[in-house]
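Dumping the structure here so I can ask a few things about it.
The letters A, B and C name the chains in turn, as written, and every chain counts its residues from 1.
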Amino acid sequence: MNRPATHSHAATALYAVSENESPQGDPSLQEPLPEVTAKRRGVLQRLVRRFSVLGLLGLVIVVFWLAVAFLGPLVAPYKGGAITSTEIFGSYSAAHPLGTDYLGRDLLSRVLFGTRYTVGLALASAVLASCIGTFFGLLAAVSGRAVDEVLSRLFDAVISIPSKVLALVVVAAFGSSIPILMGVAAFAYIPGAFRISRSLAVNLMTLEYVQVARARGEGLLYIARVEVLPNMIHPMLADFGLRFVFIVLLLSGLSFLGLGVQPPDADWGSLVRENIGGLALGAPAVLMPAIAIATLTVGVNLLIDNLRRRAGRGQGAA
Amino acid sequence: MKSHAQRLIAARLGLALLTLLIVSALVFALTGLLPGDAAQQALGQAATPAQVAALRHQFGLDQPAVQRYAQWLLHAVSGNFGTSLSNNLPVSELIATRLPNSLVLAGLTTLVSVPIALMIGITSAMFRGSLLDRVLNVLTLSTVAVPEFLIATIAVLIFAVKLRWLPALSYLSDVSSFEALLRIYAMPVMTLCCVIIAQMARMTRAAVLDQLNASYVEMAILKGASPMRVVLRHVLPNTIGPIANAVALSLSYLFGGVVIVESIFNYPGLASLMVDAVTNRDMPLVQGCVMVFCVAYLALVLVADLCQIVSNPRLRQR
Amino acid sequence: MNMIEVKGLRVVAGTAPDPVVEIVKGVDFCVKKGEVLALIGESGSGKTTIALSLLGHARTGCSIAGGSVRIGDVEVLSLDVRGRRALRARTVAYVAQSASAGFNPSRTIIDQVTEPALLHKLMTPAAAREKAVALFRSLALPSPETIGARYPHQVSGGQLQRVMAAMALITDPCVVVFDEPTTALDVTTQIEVLAAFKKVIRELGTTAVYVSHDLAVVAQMADRIVVLNGGAVRENGTTAQVLDAPADAYTRQLLAATRRPEPETAAASKEAAPPILEIRGLHAGYGRIGHDGVPAVCVLDDVSLTIPRGSALGVIGESGSGKTTLARVVAGLVERARGEVLLDGKPLPAKLSDRTLDQFRRVQIVFQNADTALNPSRTIADILARPMNFYHGLRGAAAQKRMFELLDLVKLPAAIAKRQPGGLSGGQKQRVNLARALAADPALILCDEVTSALDTVVGAAVLDLLAELRRELGVSYMFISHDISTVRAICDEVIVLYAGRRVEAGQRDVLAAPPYHPYTGLLVDSVPALRPGWLDARRALTLAQLPSMGPSGDNGGLCSFRARCRMRIDGKCNVTPPPLKRLPSGAEILCHHSAEELSRMQSTGTVAA
């Protein structure tokens, strides 16, 4: 019969630095407390230490597109729908840095105006998906088995429908208005957020400080809010980024099929769709919006990956 | 396999069936109950209320929802999904014509992607931290985030437009020789493979790393085993289950990707049938296609789960 | 002639640009051929790192920065990778701490045990298998011919540890490194494993390096002792010299912490107040509750105890005894199936939702694992403020004042209040746990193995604190532990649990001398004493056979210890449940033997059946 391995002897090397109980007299009174280091380092210095090169690249891209989402229409050279050139599927030029589309409109302006739809819509849906998913995940972990089972079965069922297929079904039923698109994107990815937040919360609930809170007589709301949620935030942020990427891909895929954002509004996916005729000509009008999508999603992925690694290292030493 | 494993498997199967039931209810609710009046839609605005009522009765739309669902479910299980609204053919017939095409596409993709992905994943894990691993990590990370239509667009641009090696669209009726077959399938399969390989490689790497970090690996090193031997004789047998799980889960991404790829290459498969049905608001067809997709998806996830269970030696020998 | 010579060994952790820390700071020692050297130290002392560098291996993130390691004629650190591979398991073998983690779960035992011999091409597979079986036999493993066909998860921890020793010895290495092999085992299993190791090492004349944190274990196994602290050697001498006349202050401190004197029995406070806690006939477990109220998997079976006001009760048991469940049932975290719990004379509801605030306040629990007992995202001040606010409504300045009082009580500096748990050491965290329990002003504190995860010295300080708190505040304890010496250091009364049953209960001094319940006897006899030669004297006992006994009747309530008891009686122990007996010392036990018989059999020191 074994007793479960105690931690202090097994994971020792990692504690080697901080476990400095001095041998004489009362150990804890004499232990020097490291001073809280001055937080006055340069912001740049801190950034460089926290991010690798790729992580910084991701951060730059994300910040860039976020800025464009807000400011894009203000800096666009032409208004979104204005036809400014007689040449359709024009190539790169000084007047039209990204070429012209199938009607002769400046593509750069179209892309800048479309950023609001792609980024804004996806961001809103991702926030909804993450928040609702986290809420239900916490609820499932903190409540009894019955609630947990019911919620898990329901969300398992939703997750069993491939997201694009689910989106298609909803669009078939309800059309493609902006609220519907936001709703279906959130709906398709709530179960994923639910799964992760539930698994995190369930693991946290087994830890002793939650048991102490329960034995103290704390209510479930306090435990969920104070003991469990703050220790879940970091992984859920990384998951939020992932949701965002999936939703961008889903919505632009829908727009590409003609079932997403409807004309005259256009997000990047719709831009690819309407300019698909230029594919045989090799026009930038087809390529550029798709590349824009790719830079956004790849940038977010690089950023999340970097955050995960740093968090993993930090937690490994804890 | 001892009875404990058998019981677990039976439980998983039961759970999958339950999930399928809930999925079917969800799909029916979305397509059969909510979209409003199919009778009104069929007859158009000019119909009198009496005509609409009569058609509604004929369609059985005036029955209570649960009864309609039960009837639909019974028919669905026997393969009868009703008649397509857009071309009056039985839905099952339409599906039966298109399904084999999609299966061929999926099969070819699997055949190509699995060996490549496994190789990438396992070598990345074996040489973790090296330059090769880091480069591959960035590549897979980026590829996973890229939308399929970008890859497809670039592929068409390069291979069909510039190099003229492959046809831009896939007309299956043109299949005259094996070489023609290859040329038709090349780009759709390539496009699908890109994302699948990246996803599968990442999951495989994680699964192998998980085992490489296990403590028995250190013991094997301390016995004097070479790294190659450690991987081949110690680690790989333990990774078969997790890798099979990773492969199955990654293949489930096919269900989303195939929607885009079939559209962009005009490939006559099940997904493009569904997209057309959605565009035409052809509800019975949508229902049929969605159910087929869901069953296949669930089956794949179930296989993944079963691999995990069966590969655990603690369950094989109780 | 020196078998092992280590000079100026330095190992660092971390690679630039991350900060680089020296974890082994220039260590020297030698081991003669056939000698057993012990490396003793607490966590962070670098002992495992040194042991691994004898095989030329450093864990990920660490690297050997300098010095020399000679094994025989070979300079290990100058070997290239292939050379080191040839050295491992052939010249130097390693026995890991956790046997279950050291074995590949999907290969059979015999496969893995013969692997080193086959890897280094020393013998044919058939010869290797024969040798493995011979080693199993000499290590006193049950069914040596067939145990090899099993998988690691089908074999118990103690047996697995011996199998690991067989795996190390199969190549007849010159040196075997034992890395804390018995730390994760129960004390009754540990003694068998230690006896087996010692026997085999003596027979083969192997040189051994034994790493441990437990001085008593080391005293049994080693000829020389090297005491390590913070990566440096503090003392290096023969076992007798280190134990009797230590030269270094740290060694003295270590010895003092291990040899704790028993405090005088507190003068029995004879007020007729009701006991603070009384448990009657408690049954608890998992699974479906049967018609008699007993759950399918019964973890606690008819346990009764009493804790007088202001006293400390020790609950002793090994893994599987149900002692942790006992604490959790009292705290309300685990449901009880049957039985009563009375707090201060009034019934304590089983469910948390039925308890009053006052009941919550009066029973507080402190857990073993200090790392996970504090919420990492809050400061110490917040953690301590919550119970004060929750129970007493204290806020603001009054709460602050009380908080500083509490920190003072547990001997922590006031500045610690602004910090988060992540930056504290294990001992400090455990003190914060205590402070949190005290913040509620409780009547009873449930201490669940509170010192088991701490280093010996740190743990001893925490025990002192607990004793002092009891004197100052008059709070009662239920002190749960597997370690008899810890319990004897602080408790007035004890109960012994085995497989969920209470087999003995009495005052603390019942543990001092026989007669006791056979299981208590086994426990007391299995605790290694701090003098060399104890193990050899006990060896006859550990390797002796149990008296034979026929199959058991299907009567429920039979003695749970009969499978391991050296004094079992065929025809009694397997047929009727043992009656509750009272020993002359005042202890109550469940046994068929009378007090005189137990006295006789246990006093002779060896088993006389």
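Going forward, a residue touches a chain if its C-beta (ideal position, glycine included) is under 8 Å from a C-beta of that chain, and two chains touch if they have at least 3 such contacts.
Since the model is a prediction, treat every value here as computed from it, not as a measurement.
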| item | value |
| --- | --- |
| Touch-based graph of the chains, sorted into line, ring, star, complete or other | complete |
| Chain pair showing more contacts of the two, A-C and B-C | A-C |
| Chain centre separation in whole Å, for subunit B relative to subunit A (CA means) | 23 |
| Approximate Å spacing (C-alpha centroids) for the pair subunit A, subunit C | 45 |
| Centre-of-Cα separation between subunit C and subunit B, whole angstrom | 51 |
| For subunit C, residues that touch 2 or more chains besides their own | 59, 98 |
| Complex interface listing, subunit B residues touching subunit C | 214-216, 218-226, 229, 234, 237-238, 313-314, 317 |
| Touching residues on subunit C, where the partner in the complex is subunit B | 52, 55, 57, 59, 85-90, 94, 96, 98, 101-107, 115-116, 119-120, 151, 153-154, 167 |
| Residue ranges of subunit C touching subunit A (in the complex, touch as defined) | 13, 21, 23, 43-46, 48-49, 59, 62, 97-98, 156-158, 180, 183-186, 188-189, 213, 229-231, 249-250, 253, 318-320, 328, 331-333, 352, 355, 357, 360, 363-365, 367-369, 371-378, 386-387, 390, 411-413, 415-416, 419, 422-428, 431, 436, 440, 452-455, 457-458, 461, 482 |
| Partner subunit A, residues of subunit B touching it in the complex | 18-20, 22-23, 26-27, 30-31, 34-35, 137-138, 141-142, 144-150, 153-154, 156-157, 161-162, 168, 252, 255-256, 259-260, 263-264, 274-275, 277-279, 281, 283, 286, 290, 293-294, 297-298, 301 |
| In the complex with subunit B, residue positions of subunit A that touch it | 54, 153-154, 156-158, 160-165, 168-174, 245, 249, 252-253, 256-259, 269, 272, 279-282, 286-287, 290-291, 293-294, 297-298, 300-302, 305 |
